[in-house]
Amino acid sequence: MRTFYLTLKYLIITLWSLFVIAPFLWALSTSFKDFNSVTGGATYIPWLQFEPSLEGWKVLVRSPAKGGVDIIEPYFNSIFVTCTASLISVILGTLAAYALSRFKFKAGFIKNNDITFFFISQRIMPPIVLSIPFFLMLGFLGLLDNLFGLILVYIVLLMPIAVWIMVDFFNKVPQEIDETALIDGCNPYQAFFKVVVPNSIPGLIVAGLFCIIFGWIDFFFAFILTFTEVQLLPVKIVALNSSVTPWWSLSASALVSVAPLIVVAFIVERYLSKGNLSGALK
Amino acid sequence: MAKIEFINVGHSYDLSAKNPVYALEPFSLSWENGGRYALLGPSGCGKTTMLNIMSGLVTPSEGNVFFNDQNITSVKTQQRNIAQVFQFPVIYNTMSVYDNLAFPLKCRNFNESQIRTKVNEVAEILNLSSFLDMGAKGLTADQKQLISLGRGLVREDVAAILMDEPLTVIDPDLKFKLRRKLKEINSKYKTTLIYVTHDQNEAMTFAEKIIVMDSGQIVQSGAPQELFERPSTSFVAYFIGTPAMNIYRCSIDNNELVLGRCKLKIDKNLDQIKSEQLKVGIRSEFIELSDKPQENSILVKIKTNEDFGNYILLTCEFDDFEIKVKIKRDQSISSETPYLILPKSRLCLYENEKLIN
Amino acid sequence: MKLVTDNLTFKPEKEYFLNKVSLEFEAGKLYTLLGRTLSGKTSLLKTIAGLQPIDTGNIIFEEKDFSSIPVWKRNVAMVYQQFINYPHLNVFDNIAFPLKQRKMKTSDIENEVSVAIHKVGLLGFEKRKIQELSGGQQQRVALARSLVKKAKILLLDEPLVNLDYKLREDLRNEFKNIITSDLSANSILLYASTDPLEAMQLNGDIIVLDEGEILQSGTAKDVFENPTNIKVSEITNDPAMNILKGSIDSNKIILNENVQFKIPKHVKNIQAGTYHFGIRASDMILDDKGFDFNIDIAEISGSETFLHLHQNVLNIVLLIEEVRNFNENDKVKINFNLEKLYVFDGKGDLLFSPFKMN
């Protein structure tokens, strides 16, 4: 009976894993095709079923002058913007979350929970509502089509996520630990950095992860707030499209843009599975 | 109301391991209808596991559970007709106290007047009558726990009411009153009450039969007096009673027990005993003070004298041993070095940690 | 070196956390704050530590105004009832933390921490993570960390209440020895508890609190023997003292038409009128020549039996020093040890106590 359940368990896991990996494998094999292979019916395995070609990949690094769509600079732009914005969002968001968790705010009938909800509500709003205001504000500041302008916008968009995750996390750290740190001679800042933060590393990582993901995949604001000087990856990939849909380069670009997230996810998963997350407090 | 039986019930969370660790070693036990039981033991001994097997929250990895001779081992909790009260208050925040208490009855389709009578009755017992219309959210922790308790008591047709350390959050004087109330309820409605605790005081005052557990095993079960006067292992002797029983390593010489430089007589034939692992114990309540040496007396020096209000605890020394004696507050102590008399009928002899009868 | 609290009052919402609390604490002494939950014990400890504000009043320590000194500069140490340790540090680093904050030399830190670890019985546990320890061990770490600071004020907020009963008993003896041996002319120790037996065992001065107010303070013996009012007698006795309403008339104490007795010697010159009479469960006995009472319930606890009795409206709990079985609704005859009778007035204040000449 036990072996039956065991085999069933592994069977389901294998099937599900295949289901998850399948699109990536499909994209991978498509990226090595060219026009002829794509139209010739569904084929999967290179060399066996079709002739692989590196055209899809070469297009991505060829400069526009030679007919390619160079994604290298946008790639690094995206990395820079996402990482910087995420870092600043997590820092500011964590500080805000700590205040919301530990201190009691009251302005009329507005209390801590309302303020937290206000932060979260920024993500509920449809982004298009912000498009014109951001456009006008950045224009006024002369920060349109500019990396730093974009970073500012992303901070506004990502910080609520950090606040949301960290408030919950800080609420789970008993306030008595802060108090003990104070009694042991730390001033409030030291208590925060020496005691509360080291105990919240899992939360920080999760917050950072969410910020990176949401920042990386954003198309909308990258699209409306940048033109020629600064280009981000999602926008540039769209430029790949032409009258004849280039499945091969689209597949290659899809893989290339997802790759960093997968790498990050692997690193974080290693850290999470070491058990550093759970059982922080009895 | 039901007779509950456990036949060879055991539980391990990981049976497939090479040497499975049992949270509960296999055992058989039956619980009489209308009885008052306590499961007593230190943290991690398996008492909560046993309770959860009874209520159905955990299915035992081996063995069967019977209610009135019906095998309900795989029956789900909601169909078992059990009420369970947990250590921390479980209340419905949005409802009034009345609705909280009425909830289990409403779920079982009792009519309004039946519910009203029952809720009022239970509220009366728990001193909650004046709170019935209030919202449950704003009450103190012990009032919330009373509601939790009330919800368990409001169904008198249950097979048993299981309580997992329910009085932990309650103040000492209210605890005393509540224990008494629980006993009254048990004698009035004859509902089986099973009480899990690590507090031997609570177990002793509450239960007719106490089941003492340690590391997943049942060590001894019996009436409080039995456990107190003749604990069957040195663990029970240590765990029951405040302070724990005075226990010492001893040896045998010429049909007498040898404890340091003292010789003690005991009501047993010591010729049959072969083992070297011998211990002798006596409770601090049974030791008497005297000015003159008598049978089984030891000359000691009083080290400390602690006044506990209701009694005085003397910690005395002789040779390398320390012995605790409980005396009344009024009793006069004539010298710093009295004789302690250890009546031979009160001595407990343990061979390999087990009581010799 | 004195710690003085003067008229501390704190009422954040509807109820008083502290209500005009004025106390003086002297160095080298252990004080037990005894009271029910929410009586103000934790509030007082936190206020002294600086973690809770006050509406009015002052705290003066060593002749200086304490309230102007922030928490981290006050020389206090605190042990909570929940096991509070730094989860990201091992045992050694946990205990060393306050010393590192003070920028002590590493070699000195190692010495001090070793001594503390030895004192609390955790030798060999230095490298363990906090999550691996049991409840009792975690509290030992918390205690070690509080001792290592050699603080002038040591605050313990019911440190044993979350431990198993037996463990609590064992640790109570240990903790008491550890903290009293550390108590020097340079430190003040405050221990909060709800358990009167614990308070008696600690044998320090007892301060009885209820609803934020101080009801009584004095030596353990004094508070136990002479509670100033009925409320104090409820808090300081387990089981609670029997309080019986009755009257005095023509030189007799009358509880009801059946239960009457002579006025005991220590109750001198008392006027006729209604009073509350108090007698402990352990100060009554079974007596064939006594008063008839009906048994409600008999509770056996180890070597004692608690009998719950009533006669009409009189309810009594009696303690018998042996195990005997009784049946409900049986009758017994009991008598009162009149030498131990307390007399409280209509409002509940103590008029006559068996231990003091009033």
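A, B and C are the chain letters, set down in written order, and residue numbers restart from 1 in every chain.
As a convention for this text, a contact is a pair of C-beta atoms (placed from the backbone, for glycine too) under 8 Å apart; a residue touches a chain by one contact, two chains touch by 3 or more.
Keep in mind the model is a prediction, meaning the values are calculated, not measured.
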Chain contact topology (line, ring, star, complete or other): line
Selected pair, greater C-beta contact count between B-C and A-C: B-C
Centroid spacing, where centroids are CA-atom means, of chain A and chain C in whole angstrom: 56
Length of the line joining the C-alpha centres of chain B and chain C, rounded to whole Å: 25
Where chain A touches two or more other chains at once, by residue number: none
Touching two or more other chains - residues of chain B: none
Junction residues of chain C - those touching two or more other chains: none
Touching residues (chain side chain C, partner chain A) in the complex: 49-51, 70-74, 76-78, 80, 82-84, 86-88, 97-98, 101-102, 130-131, 138, 145, 149
Footprint of chain C on chain B - complex, ascending: 42-43, 140-142, 171-173, 176, 179-180, 183-184, 187, 197-201, 204-206, 224-225, 228-229, 238-244, 283, 285-286, 306-311, 328-329
Residues of chain C that touch chain B when the two form their complex: 36-38, 134-135, 164-167, 169, 194-197, 200-201, 203, 220-221, 224, 234-240, 280-282, 296-297, 299-303, 306, 308, 319, 321, 323, 328
Complex interface listing, chain A residues touching chain C: 174, 176-177, 179-187, 190, 195, 198-199, 279-282
